[in-house]
Each structure stands twice: as C-alpha cells, then as structure tokens.
Amino acid sequence: MSESRLRHLLSVDDLGGRGGIERMLDRTEEFLAVTHREIPKIPALVGKVVVSLFYEDSTRTRLSFETAAKRLSADTMTFSVSTSSVKKGESLLDTVQTIEAMGIDAIVVRHQAAGAPRRVTEWTDAAVINAGDGRHEHPTQALLDAFTLRRHRQGSLDGTRVAIIGDIVHSRVARSNVKMFAALGARVTLVGPPTLMPESLVGWPAEVHHDLDEVLAESDVVYLLRIQQERIAGGRFPSLREYTARWGLNAARAARLKPDVVVMHPGPMNRGVEIASEVADGPYSVILEQVANGVAVRMAVLYLLAGGAEHEEAA
Amino acid sequence: MSESRLRHLLSVDDLGGRGGIERMLDRTEEFLAVTHREIPKIPALVGKVVVSLFYEDSTRTRLSFETAAKRLSADTMTFSVSTSSVKKGESLLDTVQTIEAMGIDAIVVRHQAAGAPRRVTEWTDAAVINAGDGRHEHPTQALLDAFTLRRHRQGSLDGTRVAIIGDIVHSRVARSNVKMFAALGARVTLVGPPTLMPESLVGWPAEVHHDLDEVLAESDVVYLLRIQQERIAGGRFPSLREYTARWGLNAARAARLKPDVVVMHPGPMNRGVEIASEVADGPYSVILEQVANGVAVRMAVLYLLAGGAEHEEAA
Amino acid sequence: MSESRLRHLLSVDDLGGRGGIERMLDRTEEFLAVTHREIPKIPALVGKVVVSLFYEDSTRTRLSFETAAKRLSADTMTFSVSTSSVKKGESLLDTVQTIEAMGIDAIVVRHQAAGAPRRVTEWTDAAVINAGDGRHEHPTQALLDAFTLRRHRQGSLDGTRVAIIGDIVHSRVARSNVKMFAALGARVTLVGPPTLMPESLVGWPAEVHHDLDEVLAESDVVYLLRIQQERIAGGRFPSLREYTARWGLNAARAARLKPDVVVMHPGPMNRGVEIASEVADGPYSVILEQVANGVAVRMAVLYLLAGGAEHEEAA
C-alpha cells in the first residue's frame, strides 16, 4: 500500500480511489457538523491566505469556496481576470508565481482551458484546487454530489443507478461525476442527443442511452446538466424546444420516477429547459442540499490541502 | 400591545412606528460609541456571514454596510450582478436560494425593481435588508438621516420643518424619509418641479410646494436629493440649468436660511447642480455626519437582524 | 535635528532621507520575519480598516497591500473605480470624504494623475499611501526594491552601480527608484532610447547612457522597466523589435554580466520584450524576491501609518 499526501486536487483521480474518496466524504461529515454550530467557524486556517484565481465567471462556486475558507478563519482574496486584462496582462505563469511569492497558501483555479490547474502546480508550492477547467474536471462538484447522494442512499452508492442527462461531451461536471460515481460502485447511464455524447467511452465508465423515457423508470438518481445556451448555435445541438421536449425533466416525466428517486443539478438551472420549476422545487429535488454540502466539502478540501494536516493515505 | 421580532428591514413601516424607530435610534447611539473606541470592533457577529447582493451599482452604500459588518466581526461577501451576467444568469430566486443554502445569515439587497427585497424574504430564512429598491424605499438611509437630525434637534423632531427638494416621485430616499420624519413628528414639505411630484399625496404625509424661495426661510432642515442626470432626457425634467436656477441650493439662497438650519444630502452630490460647493462644505452641512452615522445605523440593524438578539418589541 | 512623524507616504522624499529610509528597511526585516512564521499574522491593526482606492487597474499591487493588511489583522475593502463609474460618478473629493467619514484608517491610492494622492491628504485625516500616481512616484515599489537589493549587497548600496533600463520619462517606478537608490549611496545610470529619457536631469540624481552594451559589464544591478506597449504608437518609441534588439536583456547580453549581478523587474514582465524568459527565470533574477519583500514592506508602512505607532524620527 502506497501512502502519499494529497497536495493538490485537480481531478477525481487524485483522491486515491474509493478509499480516498470515502475518507474525504467522512471528513466532510465533520465539517458539515461545524457549519451547524451556533458559531460555525473554527480557527483551523488562521493566518492562511486562499486566493480565488478565476479566469471564468462563477459567483456561485467562488462564494462557496470563500464561505468555506472564512469558516476555517482563512483570509481570502479574489483575482478575477476579465478578458480585457488577460489581453494586455501577464501570463498565467507570472500571475501564479507572483501570487505565490506573496505567501499565499492555496489557489483555487477556474480556467477555460483544460489542464490549466495542472500547469499551475508546476509553478507553485501552494496547494492548487481545480474549480473547473474547460471540459476537463470539477472535482469538488463531484465530491459534493457524492456526499449528498451517499446521505440519501443509506451511506452507500453500490448498485445505485444514476442517469446523467444533457450535453455530456462538453461537461466537466459529467466527466468528474462519472468517475466519482463509478468509483463508489454506482452504475452510470449517460443520456442525451447523440451529438452531445463522447465519441468513445474510454475514460467514461458508463453506458450511453438516447431515450430518456426508457431510462427514467429504472433510475435511482436523475442528474440534470445545465444547458449552455451559447452552445445551441453550434449545429450539434437541437433547438431548445426540441431539447426540452425530449430530454427535459418535466412534471409528466417526474410522475413516472421511482418514489425514492433523487433529482440533482449542479446549478445554475435553466428552469423550463432541462428542468421544470415544479421538479426543481419538488420533493425529489436535493439541489439546495448540494449547495449546502458544497461548503462543507470545500472546508474539508481546504483544510487538508492548506492546513498542513497530518499525512493522508491514498490507496 | 403586540410583540414581534424584527426579522427583515424592507421599509420604514417595518420598524413599528415611532416607538420602534426611537428604540432603533437609541441602539444606534450605542454602536456609534463603539465606532469611537480605540479598537472600534466588537465580536457580536463572529461566524455570521453577510452577503451584499447588489443588482445596482453603489459603492458608497455597499462600503457602509461592509464596514458595519466588519466592525461587528461578521464575514462579508459581495455578489455584484452586472447586467451581462443577469442576462445569461440565473433567476433572483435561484440566486437567493443558493446564497441561503451556503448558510448566509443576512442578505443586503439593492435592486432596480421595487419590491424585489420583499420577494427575497419569501425565499430565504436569512435576514433581508433593503438597501434601495427601485423607487420604493431605502430604510437605512432614512434611519441614518433621522439619527443625524435628532442629534441636531436636541433629541426630538417634533414640530421640525423639513423641506425635501428635488425629483420626489422617482426617489426612494424621499419616500422613506417622508414616512420617517412624519412618524417622528416633523412637518415635511416636498419642493420641486410639478412634473416631479407625486400625483397624489396618499402615502406621502407631507405638503407640496413649488417655490423653493418661499419655503427656505421657514425650514429647519433642507434636504436635497441627488439629481439623476439620466432622467433629464425624459421630458418631465427642466434643463439642468433651469433646475439649478430654481431649485438648487446656492450661496445666495443659503444666506437666507435660518441660523440653526441643517443641510442634508444622501450623496453622491452633483456639486453645482442641486447644491453649490460652498454650501456642501459650509457650516450648515451635516453631509459627512450622515455618512459616519450610516455605519452606526447599519451596525444596529445588522446586529438586531443577524445577531439572534433578544426579542424586540414593535408597537 | 527635526523630528516628525510620518503621516502619509506619497514620495520617497517623505521618508526622511537615508536615515529614515534605513529605519524603514530595518523595520521591514522584522515584518519579513513575521511572514515566515508558521502563523504569519499579528494583531497589530485589529479594528483598523484599510481601503484600496484604485483608479487604475493593478491586481498585483492591490493584492500585495491587501495581503499585508490582512497579515496585520486589519479589515480591508476595495473601491475600484472603472472609467464608466468615474464618468457618472462623484468627484475624488467626495469619494475621499465619504470613505473617511466611515471611519477608515488608511487609504491606498492608485491614480492616473500625478499628485492625486497629495490632494487626497488635504481632504482626510486617514493615512494616505501612494500606490502609484501617473508618472510621478511609487514609493513602496522603491522601498521593496531597496530592501531586496540591500539583502543582496551585504547590507549596503554604497557605490553599487545600478542601471535602470527602458522608458524612463514615463515611469513612476524609475522616478522613485532613482531617488531611493541615490539616497542610499548607489550610482544610477539611466539607459534607453533618447526620446524616452528626461529632458533635464534636475531631480534625477543619475547619469544617462544610450548604449546598453557599454553599461552592462560594469553594472552590479540591472533594473528593467516594463515596456508599456500602448506607448509604442506615440512616435517617440522605436518598434518593439528594435527596442528588444537594442535594449532588451536577452541571454547573449546576460552572459556578459558580472557574476554577482542582480537582475530586477517591477512586474508585470513582457517576456521576450524587455527581458528574455531565460533571464527572468535565471540565476541572477530576484524578481520573485521583490514580490515577496513587497508584502513585508507594505506591512511596515501600514503599521507605521495606520497603527498609531510611537513617533518616528525623520531627519
């Protein structure tokens, strides 16, 4: 058994397989308990500085990481890079080296280019957390989804049937979650238009299906991806109306779901497109639990990576 | 006598009439004293998170709330929504639910639509504070104005003659302040071009006058509203030059004011338009006191709403 | 000997000559030691509020000041003024008075107009720190450069030969650094195209040379300025290619440098223009040390100016 400390979190693969993932989820339970205290703040990261380095807009993910950092008593700073300042600005290399030279302990990176966070690790000793890179990965999203699901599945995803629905090929959430759910023993089915599916399933431990209605009745979990409306012009995409008719989770489809089904969405939702409002706000939905658990997951990740915690095993 | 705790602050009406307003002003005195300490910071809100949710730009109001929150040891985060991200973004409902799911304790909302903060209260258990909604209300502005004025009027506004001057009908500051000053016993006169006055005085406990020069000599308080230059094109507005000539407070007019008059402005000022620089910086002006008191008022409001303080009475 | 307390830092001249500069550098050593502690944070400025008032974009300088302020336990707020809000907005005077009325302790100002920070001092009792004003000065940059250099020159710059290379006349960094290095006993040579040199050397205690290759071999320190690409269109500037050929520090030139030379750059770099990547990342470069020392320098400055520290002597 090899033993290594988690230094960065770039991909679900970094977590060390099922054992490592489960340890992280167990840790998250402890931090979730902290968030329920009357004073939900602990001095774990006093004096540590966490920088959000966001080359893509995402208030939601940034606020979640910043809330997590503040609950750990870290100082936070934001480095939001608009397109214009990228143009006239310095390279990613120089930005990262500059930030690190200031004595920053963790860098949360979102970037439109797959692989950018990995490059960042080559240039810094700070802990690097991938908050979404191109079509590649979004590992804290997968962790919070797994955490949420485990709580709704009596502690285990073994044999759970998960349908992930939408624009799979362009989605880092799908890519991370397929790895995550499969590692935890779930059976994943990808559903959506053929043009939005991966050409090969290498690296995607999942099945593919194109007819949502055939899949729904057997699914324990229905995971809807956000439709990127800017993709529709690209030709690979059906019209929004056709998409909603064939792959949207509306009330009629929801009526045929299993009674203990769990409906998930990473947000932000396009209500009326991939999910109807009555489903988003309905009894099966755990969407707001996902958000709440996201803070606890990010507390666990920041604590382990920026906190100089004891060595963690990875299988 | 009904007793209820103040959960949100959306309107001057929420404060519970004269009794409730006066208790809030008394509280503010205590927090003003805190701001004068050598270390002007108390641990009242440690572990609480206050989010500024601003759909309209206002650095001034946002900094005032954030300073107040930091002086109470709360953590603060900003969610500034530019027009572009609203377009592609999620609904106000989803934004609010997402923020709340992260475990936020208070949401300070500024929005261009009247009533938006009230809708926010339907979607969250966090305390909601209206920092200005469309033409509707801006209750913390009214509180800080009343607080400032009470200090200059020997503790009581009873019988004080207040002139509020400018574009009344479009002004949330006017609407909140008329209610506030009237509730505290002042006599309010609205002054400005007829086209910028409310069509009916229902809900406006005030008189209307169009000739500033007739009103000035009798006023104990002259409250100037900011002229929104973008309104001038609308046709209801005289030219800027005509406005300044007839309703601007210049040095000549200031010379005819009562010796103990108080000149107020909510800021930011258009110097040379609704107020001349020598008046803004002159002996009657309490404009910077308004700003300073604004931090203390917002400390009192945040403390009561986010702090889980003991139950407050409202008449 | 006159004695006065440093209230603002607008120019290298404010530091009180060699004695005052050396005391500030000695102080910086103490704060650098703080940044190397396991918990690099001290409660020196608890309850103080530091506002960054930036009328020009500079994430790098802003983050450095904010990191410094947070390591001193101050609260920080940012007031970034985009061009658009300046247009519709309030004057610098009103912004400063408003910020001060909120009870802010220090204002870090960056402004495109030379002299703007000095005007700010006329309107506020808060400590004002110039973080770059037009072509005028950038005193904390000069302090961090002197601090970095002193450590590499066995504690003294006496007799050190410093070449500063680039667009001298438009550079506030050059202006502050010439004063700084000369005050500490160094001999400064300015190098670059004649059109980019000051017309007179009054106020520039330095020599001028146009041929980089003649200067390099004798230099103990090579300080490269960032080429502002937007200046090239102005006619006073050679083509980028010509500039790089004649005044860029490439590997061939670096090979002829003294073995103990120090290569500096204030960042952000234009790699391949004024400096080649292999030089920027090579053994002579102390560029990242400059960044790291910048946080310690700004801690020292903020501590002295916002901290109500004991009276400091200035010669």
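Labels for the chains are A, B and C, by order of writing; each one numbers its residues from 1.
As a convention for this text, a contact is a pair of C-beta atoms (placed from the backbone, for glycine too) under 8 Å apart; a residue touches a chain by one contact, two chains touch by 3 or more.
Note that the structure is a prediction, hence the values are computed from the model and not measured.
Asks: On C-alpha atoms only, rotate chain A onto chain B and read off the angle in steps of 5 degrees.
Replies: In short, 120 degrees.
Asks: Taking all residue numbers at the chain B/chain C interface, are over half used by both copies (same) or under half (different)?
Replies: At the contact between chain B and chain C, which are copies of one sequence, the residues are largely different (under half shared).
Asks: For chain B and chain C, what's the span in angstrom between their mean Cα positions?
Replies: The computed centroid separation for chain B versus chain C comes out at 41 Å.
Asks: Scan chain C for residues touching two or more other chains and write them down.
Replies: Where chain C is concerned, no single residue meets two or more other chains.
Asks: So in the complex, which bits of chain C are touching chain B?
Replies: 46-47, 49, 51, 75, 77, 79, 85, 88-91, 94, 97-104
Asks: Which of the residues in chain B end up touching chain C in this complex?
Replies: Against chain C, the touching part of chain B is residues 35, 37-41, 57, 59-60, 63-64, 66-67, 70-71, 229-230, 267-269, 271, 288-289, 291-292, 294-295.
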